[in-house]
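Following are the structures in question.
One chain, subunit A, appears in both complexes that follow, with subunit B as partner in the first and subunit C in the second.
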Partner chain A sequence: MAKGSGIIERSLLTDDQIMEYENLVMDGIDISGRWNTMLKTRVHSRPELDSWDEIRQSFIGASIDNCIQCGMCTAGCTVAHEIPEFNPRQFIYWVRTGRQDELIKNADVIWRCVGCYICTNHCPKEVNTAEVIESIGQWLHRTVPEKMDQAFKANHETYRHQLFTYGRLSLPRLQAEFLSRTGRRQELFTSEMRKTAMKMLKDGRVMRTLFIGKPRRWSRSAMFLTHQQA
Partner chain B sequence: MMKTAYFPGCSLKTIDRAYDISTRVVAKDLEMTLVDVEDYSCCGAGELKGEGLKSHFLPARNLAHLLAQGETEVMVSCNVCYHELSRTAYTFDVGGKVSEDITAMLKEADEPPLTEKPSVRNTLEYLVNVIGLDTIAKHVKVPLTGLRVAPYYGCLYHRPGKMLSSVQIAGEDTEHPHFMHDLLKTLGATVVSHPAETTCCGGKNLLSDDRTSGRLTGRILSQAKSSGADVLALMCPKCAGGLDALQSRAINAVGDNAELPVMYYTQLIGIAFGHQPNELYVGDMESDALGTIQQFLSRMEYSLPAQ
Partner chain C sequence: MSTSVMVIGAGPAGLQAASTLSHLGFDVTLVEQQDYLGGAVARHQYQVLMPDFSSGPELLSRLIERVDNDSHITVYTGTQVEEVSESHDIFTIKLSGANQKTLQSQAVVLATGFDHFNPARDGKYGYGLFPDVITGAELEEMFAKGPIRRPSNGEIPQSVAFIYCVGSRDRQVGNTYCSRVCCAVSAKQAIELREQLPKARISMFYMDVRTYGLWEDTLYWRSQEEAGVVYVKGRIAEVTEQHGRPVLKGEDTLVRGPFEWPFDLVVLAAGMEPSGGTREMADKFQVSLESHGFIKQAGAIHNASLTDHPGVFVAGAASGPKAIEDSISEGDVASLAVFEYLKAKVTL
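Now for the complex of A and B:
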């Protein structure tokens, strides 16, 4: 049996944090078997709390302080089902205990939230968990941009650029910008993509996307959105 | 005739015209006059949350234009637009500094003001709750008898419950929504319940995280298929991106069991109301929805009594 297999949320621990013995007698009582699994004491003496301040003061992360660590968010989480390291309860815990090292270690996991709002819906304390996780992702993006996945950065920048500049979303334009930002431009010309493009050209959908236009007097809003600090 | 303000959004205006046009066809049959929100902009597509307060600008702008047109209630087909507009309306209604900030943003961009909270309704709950299933049943000309349809709600139609009209006004269940089940039953279809009715398709990271989104879409499609569905009924163009246009990715992730025709529920209503598949643009779907519907209609021709 794997080490510490009886522990709930086992994926949060590494092997060297768990102690297990073949035979263990404490104070004359034999506790071999299921009850002899123990965790080494974890001491963290220098909490870095500026990330907590930044997130609780941000627009979307303000509800983080309501959290009571019950774990309802994580129990229903879509992504946790696919990626065991993705654990919203733990992310909130790390923010509030100043474990920036752990957050940064998981920089490539936290952004993978799919925004399905199961967590927000389940939360008994009205934490908007989905947006708190987004806010943690944004903090990581500002603090350690070099650790973030290229695709995450390209996705963020592409949507921001397309929506702020044009005010409306043209999906082919969006996909083209995303692929060229990630250096995967050649994927635009695969046979499957060509087939889809031909179909859309024939049935007139390409024309619809070309003439989507901008909202009236958009330039003023575009200026304001691009330059104003959030 | 009943006048209803309607917000199609970017995606429905272009690539996903099938959803927009089928909504309009169905609305016309049900004697609703749809008035488009003029000078619309994108709703934010659910991808601007990280921008904080600015994520409310685009939805607030649309709601302000709605009010300027003299309407206070809007019907939205796209689930993402529905979520974004509801989120802003809810946040504005909470009041305090946030709503002052939203008002200030609109003023700075020289847009009409947001004076009250508009009511944002989803097409599905509007059809079930305001139009009524009895009225819909009266319009059914070709009952979908024998067509096994798996409903798929996605996420943003019923979550988070406290912001959305589907839950607050219409009384939808946030864990087990059932309006699409009820609607499809009214059309005469065999409704196939499956475990992935409300599982997320990974739409937010459709572009950036193909591994997760491929596995999530694969799971939805294969669970619907192994529950015995002929076709999956959708209500969100972002889900259509993953489940229909990128179905090949789902098949790569979980195998051939994920190959399933996918179409919008409004198209199914249109078919039941006696419209032809080309009027409803069923051929726009990448999966073989057209084949399934044509097969169904040819079967119906033999079973319907000759008039």
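Now for the complex of A and C:
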């Protein structure tokens, strides 16, 4: 039976709020199944603020304290209109009120941001909202990498790896690495892909993108960047 | 020679200052650039005043009659200050316009007031583009002229939205201050609207409701309890139009998530900015402005009317957003400050 199925208005609760054990014996009394259904307390009592400090001290997250919680960013946000859980204003609020529990629940959702900067453009307080959201995402990535959707994680790591290795991004390489990281390497060899590759070979894009070379003395920059990362 | 004081600007603050200065024994010249007296209250024909729902026209006629019937007050309307020079604490002031004269004054009160923020400057509200988006001042004019109708088609509005903080509290438009009266004025207007529109949905879109002090229950609560006005916490990001109705785009930050709601009539609670005349007079009389562009109060804790130029005083909205009651009080405050300043120099 589904978790908490005996609860009236079950839709108002999330799974993690419900405690229910298939087999439970207390004081010698068997209360297995529905009998032991309990709700976790919904009182939040321990604000966790280290994430706030990390984000406000980061270069891209520094404007977080300008936020007045007006909601103009979410009102215009490309993604919020499609995915109700994605709410830039709310992410900022959770950071400042120490609600790491809520942030972690949305560790996967936050990466849905498409980087359109509508939020930043709307903001009446000059919060660079798009970049603050990125900064919160990075914090989540460091803190709970396992919570991130695998595809998003692979995408993220592909970009990072390509940038560090080559100092620039090229679409074919990104595509190839992303597909192999997600175990979809065979998709590289579909007829559609082959057609595209031929076309790009003919019009010279393959040559241009593959053999364009690294930025000058890239290894030194890469070393510096990797050092910063560590 | 009698002692003469010039009051510049004949809104509530200037009218009060002129009358009180005359009671204190000075000869007063009241200079107003418009050809009518009463400032913003006259310009937009406020009928019913916040906070006490008293009559705007009655207030004006009381203030204006006192000035008109006072032989120690000379009123120059349609007149501007052209040139100012100062020597030995005496200002020589050249007037232009309807009264081209040069006068001498021992002290000056700047009561040059505010301008409404022009919402056309901020594209997101569609003001000037959509006929059913109007300002609070235009709503006052509608109250004065006749029944409330949609400008687009003359129909009775079934739903009215007020958008708070238009041109205030916004770095993007450059006004980082709160205009102080628009929350309370909007609540007052919503209560008035309810009398005319018993069935309409009336919604206020706000960031904070600043009906401070005694206005909390008399305006904010009353608008909800008696007039059934609904408050939605979220700043409007954009107004668009669909099927001939303005659509408000915002986030309801309390339930979270974006909305797009159409309304028949949208009222922009446009804030206050220092008037052009305020900036110009500050320049001519060499008084400093504070960081938002209003006249800087040099010692607000001692006396609200002191500027950093001895002999030049300020009253009303020229030194910051203010309600009528405060503007009128400051007319008195400035008069007393003039008295203190001059009593050391002359015997009345």
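Just so it is clear, the second predicted complex is superposed on the first by the 185 of 230 C-alpha atoms of A that agree within 3 Å, B and C clash if a C-alpha of one lies under 4 Å from a C-alpha of the other, contacts with A are read in each partner's own complex, and residues count from 1 in each chain.
Everything below uses one rule, namely that a contact is a pair of C-beta atoms (placed from the backbone, for glycine too) under 8 Å apart; a residue touches a chain by one contact, two chains touch by 3 or more.
Remember, it's a predicted structure, so these values are computed and weren't measured experimentally.
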Checklist entry - More subunit A residues touched by subunit B or by subunit C? => result B
Next on the checklist: Touch test for A:Met200: subunit B only (first), subunit C only (second), both, or neither?
Outcome noted: first
Checklist entry - Can A:Gln69 be said to touch subunit B (first), subunit C (second), both, or neither? => result second
Checklist entry - Touching A:Phe152 in the superposition: subunit B (first), subunit C (second), both, neither? => result first
Checklist entry - Can A:Ile83 be said to touch subunit B (first), subunit C (second), both, or neither? => result first
Checklist entry - Which bits of subunit C are touching subunit A when the two form their complex? => result 124, 169-172, 207, 233-238, 249-253, 256-259
Checklist entry - For subunit A, which residues count as touching subunit B in their complex? => result 58-60, 78-79, 82-83, 112-118, 120-121, 128, 130-131, 134-135, 137-138, 141, 149, 151-152, 154-156, 158-160, 163, 167-172, 174-175, 178, 192, 196, 200, 203, 205, 208-209, 212, 215-218, 220-221, 224-225, 228, 230
Item to check | Touching residues on subunit B, where the partner in the complex is subunit A | outcome: 10-11, 13-15, 17, 39-42, 44-55, 57-58, 61, 105, 108-111, 155-156, 159-161, 174, 199-200, 202-205, 207-209, 212-213, 215-216, 245, 248, 283-284, 286
Next on the checklist: Please output the residues of subunit A touching subunit C within their complex, sorted ascending.
Outcome noted: 68-77, 80-81, 84, 87, 89-90, 122-126
